[in-house]
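Encoded as structure tokens, the structure appears first; notes follow it.
Chain naming follows the written order as A, B, C and D, and within any one chain the residues start at number 1.
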Amino acid sequence: MLKTARLEAFSDGVFAIAITLLVIEIKVPEDTAHLAEQLRHLWPSYLGYVISFLVIGLIWANHHAMFDHIASADRMLLFLNTLLLLLVALIPFTAGVLASALRNHEGERTAVVLYGAVLVAGGLPFNAIWEYARRGHRLLGDTISPAEARAISRRFLLGPVLYGAGTALGAVLPVLGIIAFALLIPFYWLPPQMSRLTAKSA
Amino acid sequence: MLKTARLEAFSDGVFAIAITLLVIEIKVPEDTAHLAEQLRHLWPSYLGYVISFLVIGLIWANHHAMFDHIASADRMLLFLNTLLLLLVALIPFTAGVLASALRNHEGERTAVVLYGAVLVAGGLPFNAIWEYARRGHRLLGDTISPAEARAISRRFLLGPVLYGAGTALGAVLPVLGIIAFALLIPFYWLPPQMSRLTAKSA
Amino acid sequence: MLKTARLEAFSDGVFAIAITLLVIEIKVPEDTAHLAEQLRHLWPSYLGYVISFLVIGLIWANHHAMFDHIASADRMLLFLNTLLLLLVALIPFTAGVLASALRNHEGERTAVVLYGAVLVAGGLPFNAIWEYARRGHRLLGDTISPAEARAISRRFLLGPVLYGAGTALGAVLPVLGIIAFALLIPFYWLPPQMSRLTAKSA
Amino acid sequence: MLKTARLEAFSDGVFAIAITLLVIEIKVPEDTAHLAEQLRHLWPSYLGYVISFLVIGLIWANHHAMFDHIASADRMLLFLNTLLLLLVALIPFTAGVLASALRNHEGERTAVVLYGAVLVAGGLPFNAIWEYARRGHRLLGDTISPAEARAISRRFLLGPVLYGAGTALGAVLPVLGIIAFALLIPFYWLPPQMSRLTAKSA
């Protein structure tokens, strides 16, 4: 059994770099004539930046909340966590593709589906980490009861479903997908209410 | 209630990456004939680098000072902190735009206003973090009294006002804005004297 | 004698950055006509990304396991660790060369050999760290016995041998080398069985 | 008085990013015909990478050793440390210029002098940190005596002198400067002997 301190430090590093690399996709205009207008034309990059920054920040915040209850790690947990980071670190790429498609007014559907698919895919190792850790209370500490861990599961499992729905909307009409991804951010930043809601409706 | 250790580690990561990415905007000359002259022509990049490095370093130092007194975190604090980081991580972009405009001798006004606007905007979540944490001493530890927390508030709130004034100067004459941003750095690195000053003048 | 906390923090930082920089080698298509097809053509970049991400994640996990037993550091250990990081930080470059060769259908042999050679070379300081630390139990803590440290040595020493074999296969037929590198990942993620195996066969 | 934990974490982050960004200056060949030959032509980039990686690693190791004795921080120390990081984070740029000049066989003298000048300049805040901290034992802990702190001063002060001599050599004959920078690395990785030497000769 390993302590989770270095896993958290390494994950924090990857989250911090992925989130900060997003800015690289906002290209500095080479030509600065009519600069104000050129900067306005970069709006798809700003939109992609803001949504992606908040999405990665949200995944980080939930990773944080999850590891507050995970007391120890084993090789399998390190592996699942690496898969999660692999998908998070792809977001600067998919955000770049999305901004590029919006700027060119072509390929938006493909770009939105790619963007959403990586978020849905990231939900799989995220949930796998939690299910693996809580199975038989294997890696959890005593700060949480099995019933509470189950309630958190329901909330986490909802994530890929909601992002999947957003992706499906985006496959029909790209702008709907983007709106869905944006709306999921405030919805997920405020967990206690939601957690209560899903616990009741279960 | 969450501990602030991972919030600080994640923030330190984002600050460290944003500050180090500044160097990427200083492009290595492809052609090395007359290299010394070419390196001299990069002075706007050096200027943007030095000012931006010290500005981000300063925000980091104040973030550090602020979280020395914040004892615990909740979801709202994580969210406000993410908004702050979102704006800090934009600085390599705005510094690049500024250097580009100075090099081309056009668009300086727009570039200075953009640069200042992001600094002013960053002051909003910065102040929101502190006001949220100190309201009713909600998230503060016992290392600080409510009166001291109020005195710090006054100093922090001055920040966006001063940067806003610098931005307004820059909108009139770009070089004045740059001088203002540069002068605010030493002014803000030495807080105790200033804190006393503003406390007296209040 | 130095504590290992900062060595681990610095190493975690380098691992986290090297692993996240891998995404930079997946270039966002400038032209978004036929975007889906263009994204499909990037498959060598995705392949290089996934293998390299898991390889760096694996080296990190083993570095983690190793330093769980190393209790203190000296200048020589810092030096050997810096050599290891020097080679790990090269992987985004060699992964980029590999993806470039696969995309162009030329130079695959050279690219696979370069990729493997850096992995083999990285195994040398990795093993040197462990051998240096365990010689006379010099820098080890009391969480491990000399016999256990010896068993771990055998497993670690196998690493460059297996990656060397993969590189040799790749020199004959590039695709075989890539398959070998991919297969070594799951093999090395599950250490206890293997450790038992090599201990028995020794 | 602030604790040094976050200063160290932030500095580790900047060191880790600056050292890992060095790889970005080794450009992946776009055209992969005659790949082996093309990779050989990149030797100046490899040379710049190895020297710069070990130099930054060395500054990190000495920063580590220095802060093992510094028990607390104030605003001035944070400022001096930020100046040091500002110069360390420039090294990927100066390494890129050096590699570019060596590849083009022109501008080597300028590039070597620039490279050395940044190392010399970095020595100034490095020494300022130590002198500021040890003046009157202001910020030092009790792990070190004033006499030991003085002995370390002599060794640290030698740094910019030696790098300055290397830069002067490079201004005469570029290759001599590069050799000097390379030779200073092993010389400085092994401090105890040297420290004794300079203590005796003082």
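As a working rule, contacts are C-beta pairs under 8 Å (C-beta built on N, C-alpha and C of every residue); 3 or more make two chains touch, one makes a residue touch a chain.
Keep in mind that this is a model prediction, so the values were computed, not measured.
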Note to self: Same residues or different residues where chain B meets chain D? The copies count as same if more than half of the interface numbers are shared.
What the structure shows: different
Next item on the list: Overlay chain A and chain C by their C-alpha atoms and let me know the rotation angle in degrees, rounded to the nearest 5.
Entry: 90
Checklist line | chain A and chain B, separation of their C-alpha mean positions in angstrom | finding: 26
Item checked: Computed distance of Cα centres, chain D from chain A, in Å -> 37
Checklist line | Per-residue overlap in chain D, given as positions that touch at least 2 other chains | finding: 9, 12-13, 16-17, 21, 24
Note to self: If we count contacts the way the header does, which residues on chain C are in touch with chain A in the complex?
What the structure shows: 8-9, 12-13, 15-17, 19-24, 26, 28-36, 39, 49-50, 53-54, 57, 60-61, 64-65, 68, 189-192
Item checked: Contact footprint of chain A on chain B as seen in their complex -> 2, 6-7, 9-10, 13-14, 16-18, 21, 24-25, 75, 78-79, 82, 85-86, 89-90, 92-93, 96-97, 100-101, 104, 106-107, 110-111, 114
